[in-house]
Amino acid sequence: MKKTISILLAAVMVLTCALALASCGGKKPAEETQKLIVGFDAEFPPFGFVAEDGTYDGFDLAMAKELCKRLGWEFEAVAIDWNSKDAELSSGNINCIWNGFTYTGREDQYTWSDPYVDNSIVLVVKADSGITSLADLAGKSVMAQAGSSAVDAIDANEEFKNSLKEVVQLPDYNTGFMDLDSGSVDAVAADLGVATFNISSKDGAYVILDEPLSTEQYAVGFLLGNTELRDAVNAELLKMAEDGTMMSIAQNYVDEGLVLESLCLVK
Amino acid sequence: MHILDIQNVRKSFGDNEVLKDISLTVDKGEVVSVIGPSGSGKSTFLRCATLLETMDSGTLQYMGETVASMEGDKIVYTKDLKKVRGYFGLVFQNFNLFPHYSVLKNITDAPISVQKRDPKEVKETALQLLGSMGLADKAGAYPCQLSGGQKQRVSIVRALAMKPEILFFDEPTSALDPELTGEVLKVIKQLTEQQMTMVIVTHEMAFAHAISDRVIFMDKGVIVEQGTPQELFEGTKQERTRQFLQNYQR
Amino acid sequence: MVGELAYAFINTFLIFILTLLGALPLGLAVYFGKKSRFRPLKWFTEVYISIMRGTPLMLQVMVIYFAPALVFNFTVPGNWRFSAVIVAFIINYAAYFAEIYRGGIESIDNGQYEAAHVLGYGKAQTFVKIILPQMVKRVVPAVTNEVITLVKDTSLASAIGTVEMFTKAKQIAVSPRSPGMLTFLVAGVFYFVFNAVVAFVMKRIEKALSYYD
């Protein structure tokens, strides 16, 4: 009797674990190209953010949505934690990352569309700080979003990195700009779009250094090898750049800090 | 037929042999007191009889039914212990009332949920028993609201409500303030008048003298002497008994 | 903003309540597992408890969420992003509750078992009628601590992008024309008020159980 109860209990616990690990499905469904599941960071305006009405909005989401409409595909946007983007992609929870996703330096890690934004990593400092060049930042603290391409850009420029007092990695840029405001960091390294957006709302309190830390490009990333989906998306993306759709969508996001000049597919 | 028949009990805790071949029979209506110094094994003996301890060897019968017997040198307990437990009740030194149950529920829950008796009949019996022990107004109280003497009387009622054939007491007054022992002893005396069969482990010598049919003196795991109260308290032939009693009278 | 946070708070509350509904009973099962005389079950439970207590909940949430797809190549049907949080929270909190229950049960005087034994209660009856009610009363203060921690821990669901109140607050704070820091202040007020309500409810439960002793 006691043994029976023990075994029963064991079974219950194993089941609980199994519930966590297994499922009724068992097999991954075949790749469905008629559905585009876009993974994005809802804390990354102007490419993905929460609009005033509480819905998800952003240049990249609007583009993706329009692209699906034109292709007759189903569209789904999934807000993800940016640090988990690779796991989300390989687990199939999303099938592309389309969110100001830096192509430069990650060429071999994903299957990419053509770059559609040429962005640079720039440094934002307080207007009254007296800092005007990268060299002026020697011995200072620079903030960058953890896991972002700004961190990669700093790492790539070893001389610059070694001249700094520290690189402060925070989960989001909002915190970074608050730190800049409070003086606990001296500069924020960010994409041009992010930087432009953040200084636009602060009435000239911040400036962007003329000298960029690096230049970089944004593209849509797919799971490595998923060329089928990439090809379909890319072809339509080029058409949208060609026929003016991209530019007209982009106009809606200028207020949020989208730099029209950075759209490199539009000529 | 004896109510209780326990023979040749041996029990050790590690290397310490606490019971060395103890035997006792109790007949209907008998009141047996067990006395002896601390560590003499009298409580362990009681716990063996009430199935709180497993004997190392020995036999045990209640109402002629075998509870434990020897097969070779191995002791075997019957599977149907539930029925056997209905034959006896035990009153603890520390009462062991259930703190989250009211007095009435403490008394009635086991008869209803273990013995499956009619709740109405059980409740009436309980209230009547409480009344006979001067606790009529305490039915709705919780144990924490009672004095030690009241708690012990409730625990006696709880044991009686199971309608046992025999009632064991394990030093029922030892945890009480001296001024409260009287009310408990009075209740036990009351039970002797109702022909209740009882085995009482106690340090109350005068009480044992007054109410017992038989007194057993235990020391160092053996029964040194047994007999009527007169034989033991007034005319013992045993040196150890005499010494023990002298210590108590001083 | 308040409306959006309030809406996201529904998920926070769901994580909270579903975790309690799952973990409070599961904790008891885990306790029994740990006390089992069936060795493999006992070992399994002990390893499980030490992993749950020895690693961060945030990491557990991520493992539960990603492991099916990445390690076992399963796609869990339904809203796994949310369910994974619930599963991770339940098995994590059950481990803590099991230890609290153990403390509560072991503090109960052996005399209670003996009295029940002599009165003929079976093992199950003894546990359900005598031990469990006394244990519940004794563990309420410790459980209250865990429950209040749970309210705050719900924010860890943001590790996998589950949209509960904290995730939402982070999103709103960086959105264009957002009130910035004020968002976190409002979110903080939500958590604080929720915890005040939780503390009040637990106090009432404690009081309701104090009819004895």
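A few comments on the model shown:
Letters are used for the chains, namely A, B and C, taken in the order the chains are written, and counting of residues starts over at 1 for each.
What we mean here is this: a residue touches a chain if its C-beta (ideal position, glycine included) is under 8 Å from a C-beta of that chain, and two chains touch if they have at least 3 such contacts.
Keep in mind that this is a model prediction, so the values were computed, not measured.
The innermost chain, defined by the distance from its C-alpha mean to the mean of all protein C-alpha atoms, is C.
The largest tally of C-beta contacts between two chains is found for A-C. Compared with chain C, the chain whose C-alpha mean position is the greatest distance off is B. Centre-to-centre separation of chain A and chain B, using mean CA positions: 79 Å. Note: centroid distance chain A to chain C, computed from Cα atoms, is 33 Å. As a whole-number value, the distance joining the C-alpha centres of chain B and chain C reads 46 Å. Partner chain A is touched in their complex by these residues of chain C: 3-4, 7, 26, 29-30, 32-33, 36-38, 40-41, 44-45, 48, 62, 64, 66-77, 80-81, 84, 87-88, 91, 158-161, 163, 167-168, 170-177, 180-181.
Residues 2-3, 5-7, 9-10, 12-13, 16-17, 19-29, 42-46, 49-52, 54, 78-81, 84, 87, 90-93, 172-174, 178, 197, 201, 255-257 of chain A are the ones that touch chain C when the two sit in their complex.
Considering their complex, residues 50-52, 82, 85-86, 88-90, 92, 94, 96-100, 109-110, 113-115, 142-144, 158, 162 of chain B touch chain C. Across the interface of their complex, chain B is touched by residues 109, 111-112, 114-115, 117-122, 125, 129-130, 133-134, 137, 211-213 of chain C.
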